[in-house]
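Okay, so subunit A shows up in both of these, paired with subunit B first and subunit C after.
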Partner chain A sequence: MKIVAVAACTSGIAHTYIAKEKLIRAAESMGHTIKVETQGTIGIEDELTAQDVKEADIVILAVDIAITGTERFEGKPTIKVPTNVCVKAPKQLIQKIENELNK
Partner chain B sequence: MNVRDVLDERVMDLNMKAADKKEAITYLAGKLKDAGYIADVESYVEDIYLRESQGQTGIGNYVAIPHGKSDSVTQVGIAIGKMENEIEWETLDGNGVKLIFLFAVGNDNENAKTHLRLLAEVARTLGNDEAVDKLLSAKTVEDLKAVF
Partner chain C sequence: MKKIGAELKQHALTAISYMLPLVVASGLLIAVGNLMGGENVTELSKMTIPNALTSLGVLGMGLLPSFIAGYISYSIADRPGIAPGFLMGQIASFLGAGFLGGMIGGYLVGYIALFIKKNLKVPKWAEALMPMMIIPTLSAIIAGLIMFFVIGNPIVWATNALTNFITGLDQSSKGVYGFIIGALGCVDFGGPISKVPNLICDGLLLEGITEPEAIKVLAAMVPPLGVTFSLVLSKFMKKPIYSSQEVENIKIAFPMGLCMISEGVIPIAMNDLIRTVICTATGCGITGAISFTLGVGSKVPSGGVFVIPAMSNPIAALIALLAGTAVTGVLLVLIKKKKTDINETVVDDKEEEMDLSGISIS
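The block that comes next holds the complex of A and B.
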C-alpha cells in the first residue's frame, strides 16, 4: 500500500526524526511505499504534496502536538498515534493498519 | 557541512562512568560547558529535566536522547556518553540505558538551522536498529563517527 505520514514531537528536535526513520524502515521492509513529512524546530521538511495524499491508501499522523495542514487529509483513512508508538513498535503499527484495511 | 561536523570529540566520552541518570546528564553537561556549547550547567540541566518530565527519552535499544530547549545554549551541539553498564532511565522498552545523546538546543533557532538539520540527521540514524548496534559496540570515536 501507499502510506503518507506526518511526524511531529513536543520539542521538534529528536523523536520526530527517529519516528520518521522507524516508519520508513518498517514500511519498506514490509513491502509498502511511504513518504514522511516532518514538522519540527527546523520547520516542515519532505512536505506531502496533494498528489502524495491523493495516491495514499492511509495517512499516519505520528504526532504529540497540533500540526499544520490537517485539512489535506480530509476524507482519507487516517490513524493518529503518539510518536512513541512509531519509535517503539513501527512494524506492529503497520501490521495493524494492514489488518484494518483488509477487513 | 555534514553530520560528522556536529560530532565533536571534546563532548564525547565512550568510557563514561556514571552511577545514575542525573550523574550522567550533569557530567555530559559539564563537557558541553567546557567546550563552550552552554553557558551554565545548572540552568541547562534544569531545562533538560523539564523535557524529561514531559515524556520518556529512552527510545529503547539502550539509547537515550535527553534534550530540550535551553537559553543556556550558546551553540547547537550534541554530547555523547557511552557506558559499560546500564543505568536506570525511563525507556520505551523497559531496559536501562548505556548510550546517551544529550542534545544542546537553544530557544532562538533562526541562525542555527544548519546545525539543527544535522542534529535531526543524527536522530534519524538512531531510528536505525543496525546503526544503533554498531554505536553500542563502538570502541573509539572513529568507530562511532563511522556509523554516521
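The block that comes next holds the complex of A and C.
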C-alpha cells in the first residue's frame, strides 16, 4: 500500500514531527511505503508532489489544525485523525486502514 | 455533537498556531525593552531604542484579537474568511473585549462567510468577485452589525465579569485556581489539552490581568527542569531511573525547558506516562499555587527564565519555579521504578490501546 500523509499540530514544533516519525516507522515495519509532509511553524517541508498523491492508495491527515493544500486530495480516500492518534497508536491506525480498504 | 466540538476546537487551535509566534515575539520585545528601561510611548519624538522595543511589542499585542478572529475565520471559511475575520478582531479591540470578542467574532464571521460561499449562487461573470469582494464585504457587514448592536454589550459584560472574578479572588482560592491553571497548563507538555488554559491566560493578559500569565510561563518550565533535577537526584540517591537513551533526551530537554518549551519531556514521559504525568502535574500545580498566592504577574507571555527578571516579583517567581521543580524531581525519584539495566533500548512499539471506531475513511 502506498500512503501519503500530512502532519500538523498546534505549536508546529514537536507533535508534528513526532507524528511523522511514528507514522513512517509503523508503516515501514508493516511493509508499506509512505511519504509524510509536515506543515509546522517553519512552513511546509517534504511537500507531497502531485505524483505522490496520484499514486497513493490512502491519504492520512494527522492534523489538529486547518492545513493548506487539502484540494490536492479531492477524490482520494482520506482518513483524518488528531496528531496524538499517530503518536500513540500508529500501527493500530494503519491496521484499521488495511481492514477498511480490504472490505 | 462530539464532532461539532472537535471542529470548533480545530478552528481555535489553528488560530493559536498562527498566533503563537506573534505572542512570543511581541512578548520578548516588551520584556527586553522593559529590562532596558523602556516604556510604551505614542510619540515619535520620545522614541529611544528601549522605548521602541517595548512600544513595538505593545503594538504587536494589539494585533492579537485580529489574529485570533482572522485565523479562526480562515480555518472555517478558508482564504475568503481572513479579511472579515481581521475586521472582527478590530471590533473586539474597539469594544475593549479583545480576546473573547475576537474568538466570538471569528466564529461568527467565519460561519457566515462559509454559508455565503456555499449558498450564494452568482452568474458566471461574477464568480471571480466572490472571494475578492462579495464574501468579505457581505460577511463583514452582517457579522459587524451583529457584533456592534447585538452581542457587543454582552461580550463586554462577560469580559468584565471574568476580570472582576479573577481580581476578586481571596488568597486560598488563588491557591486552588493557581494549582489548577498550573497543572492543566502542562499536563500534556505543550499538547492540545494544555493549549486551552494557556489560551485563557493569554486572554486575561489582554484584559490587564497578569497573574495567570506568570503561572503559565513558570509552570511550563517545571516538567523539563523537574525531570532534569530528578536525574541529578537519582545519581545522588544511587537509584538509576533513566536509561542512557533517556539521559540523552534529558540533556536536550533541559535547555529547551529554560526557554519554556516543555515538549522536550515527551520522549521521556512516553516511556512511563502515568507516573511522569502525576509528578510533573503536581509540580506544575504547586508552582501555580505559589505564584498566584504570592501575586507574581507577567506582562510577557513567553520566553522562559529570561522573562523572570521582567516579572512583577522576580524573587517570588523564582521561589515558585524552584518549589515546583523540587517537588517534581523528588516525586519522580520516589515513584519511578529503579532501572536494572540502564543500557536497555526502549522498545518503541508498545502502543496504547485506542478506540479508533469513530474514525472512517471518506
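Simple rule for what comes next: the second predicted complex is superposed on the first by the 103 of 103 C-alpha atoms of A that agree within 3 Å, B and C clash if a C-alpha of one lies under 4 Å from a C-alpha of the other, contacts with A are read in each partner's own complex, and residues count from 1 in each chain.
Everything that follows uses one rule, which is that a contact is a pair of C-beta atoms (placed from the backbone, for glycine too) under 8 Å apart; a residue touches a chain by one contact, two chains touch by 3 or more.
Since this is a predicted model, take the numbers as computed values, not measurements.
With the two structures aligned on subunit A, subunit B clashes with subunit C.
Once the two complexes are laid over each other on the shared chain, residue contacts for A:L101 go to subunit C alone; subunit B is not touched. With both structures placed on the common chain, the touch criterion links A:I79 to subunit C but leaves subunit B unconnected. Of the two partner chains placed by superposition, only subunit B is touched by A:A19; subunit C is not.
A simple residue count on subunit A separates subunit B from subunit C, and the partner touching more is C.
With both structures placed on the common chain, the touch criterion links A:T10 to subunit B and to subunit C. Look at A:E37: by the touch rule set out above, it reaches neither subunit B nor subunit C. Counting contacts by the rule stated earlier, residues 10-11, 13-15, 18, 25, 41, 64, 84, 88 of subunit A appear in both its interface with subunit B and its interface with subunit C. On the side of subunit C, the complex with subunit A involves touching residues 10-11, 13-14, 16-17, 20-21, 74-75, 78, 190-192, 195, 261, 263, 266, 348-349, 351-354, 356, 359-362. Considering their complex, residues 10-11, 13-22, 25, 38, 40-43, 64, 84, 87-88 of subunit A touch subunit B.
On the side of subunit A, the complex with subunit C involves touching residues 8-15, 18, 25, 29, 41, 58, 63-66, 77-82, 84-85, 88-93, 96-97, 100-101.
Remark: subunit B residues 51, 54-57, 59-60, 65, 67-69, 92-93, 101, 103, 105, 109, 113, 116-117, 119-121, 123-129 touch subunit A in the complex.
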